[in-house]
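Order of writing sets the chain letters: A, B, C and D. Residues in each chain are counted from 1.
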Amino acid sequence: MALMEISVVPLGTGTTSVGDYIARIKTLLEEKGLPHRLTDMGTIIEGEVSELLRLAAELHEIPFGAGAKRVFTVIKIDDRRDREVHLGEKVKSVEERLRSEG
Amino acid sequence: MALMEISVVPLGTGTTSVGDYIARIKTLLEEKGLPHRLTDMGTIIEGEVSELLRLAAELHEIPFGAGAKRVFTVIKIDDRRDREVHLGEKVKSVEERLRSEG
Amino acid sequence: MALMEISVVPLGTGTTSVGDYIARIKTLLEEKGLPHRLTDMGTIIEGEVSELLRLAAELHEIPFGAGAKRVFTVIKIDDRRDREVHLGEKVKSVEERLRSEG
Amino acid sequence: MALMEISVVPLGTGTTSVGDYIARIKTLLEEKGLPHRLTDMGTIIEGEVSELLRLAAELHEIPFGAGAKRVFTVIKIDDRRDREVHLGEKVKSVEERLRSEG
């Protein structure tokens, strides 16, 4: 399993607000039942890479459906095959390391 | 105030693990007393843009200090000047919107 | 048509060199006959978004086939629907603007 | 020396065009005499990391000076210390590799 972070940025909408698009993204992810987490800078989703990138194409489409004429999307994928990685584990592991050192 | 997300990726270290570098990043941010949040895909920090990018140069240096020979760093900045934005507010605002709609 | 830029970064390979992976990416794009351009920071490809992201999944897989255990991939998509955009046009348009001003 | 790629995306301007901002970025880089290259997805600049990130703060500011209320900036840094890297070398090296194989 890999983790993908996606930030979908609509241009030329005449507004600085993107909260509406992010709410639609979250609703879609909940309908699909995919493990995900919203952050201040994007949405992190867990899954297989090819499935995650198919989903990215859907999420990228959302602002066009709401009237945007141009969308800039940034995606980061972290995919390791030497062991399973799940949402939330990396943060937990760093926090445990710091606690045991501190 | 702006938000910056930074992911620092060391290459050529012969290991797939990056948790050690992330722990050092977190320790540095705590020493500096900067508002920040660890996610599975990076570290989000709140501050003025020029200050955030000075900090990014320091965080980017950490894996070199630990022996890496090449570092690939990805930074996203979200900076709005029409109103104040603080760490955690965007997520909270989307969740409230969804609750009020649901 | 949209433009996608992709940077595929293998971790834990014990080498700082990524040229070999980039050569394989370029070979694959030439076999597929897709309009693309190599830059120092990634590969830019022109196409429909869903097609580009299917391709991204293939390109992301290349270092695993060559022995990498972890791959970090960064993708940017610039997609405008108010008019056609093709590879090389944005750079040309900025250069023409500067020439006519200069 | 490192390479930095920067994409500066203004939001809420009511227009999908960003060519004007990119022209201002290019003009600033030429005035400063920094080695750089425009691509369809950003601007690549060669320099020391701390210098590059100071410059990034300046480039990020350009759309605000032109009336934007929110700016989303994406930066990638590729920094290797095992040998010198200059603008254009990576692309050239991959092309030579493919020619010698072909």
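Here is the rule we go by: a contact is a pair of C-beta atoms (placed from the backbone, for glycine too) under 8 Å apart; a residue touches a chain by one contact, two chains touch by 3 or more.
By chain, with names taken from UniProt: A, B, C, D = MTH1187 family thiamine-binding protein.
Just so it is clear, the model here is predicted, and its values are computed rather than measured.
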{"item": "Longest centre-to-centre distance from subunit C, chain (CA-based)", "value": "B"}
{"item": "Cα superposition of subunit A on its sequence copy subunit C - rotation in ° rounded to nearest 5", "value": "180"}
{"item": "Intercentroid distance (Cα basis), subunit C paired with subunit A, Å", "value": "20"}
{"item": "CA centroid of subunit A to CA centroid of subunit D, Å", "value": "25"}
{"item": "Interchain centroid distance [CA atoms averaged], subunit A/subunit B, Å", "value": "15"}
{"item": "Where subunit A touches two or more other chains at once, by residue number", "value": "7, 11-12, 16, 69-70, 72, 74, 76, 78, 80, 82"}
{"item": "Chain contact graph, described as a line, ring, star, complete graph or other shape", "value": "complete"}
{"item": "Residues of subunit C touching subunit A in the complex", "value": "11-12, 49-50, 53-54, 56-57, 60-61, 64, 69-82"}
{"item": "Subunit D to subunit A touching residues, read off their complex", "value": "7, 9-18, 69-70, 72, 74"}
{"item": "For the subunit C and subunit D complex, residues of the former touching the latter", "value": "3, 5, 7, 16, 19-20, 22-23, 26-27, 37-42, 44, 74, 76, 78, 80, 82, 87-91, 93-95, 97-98, 101"}
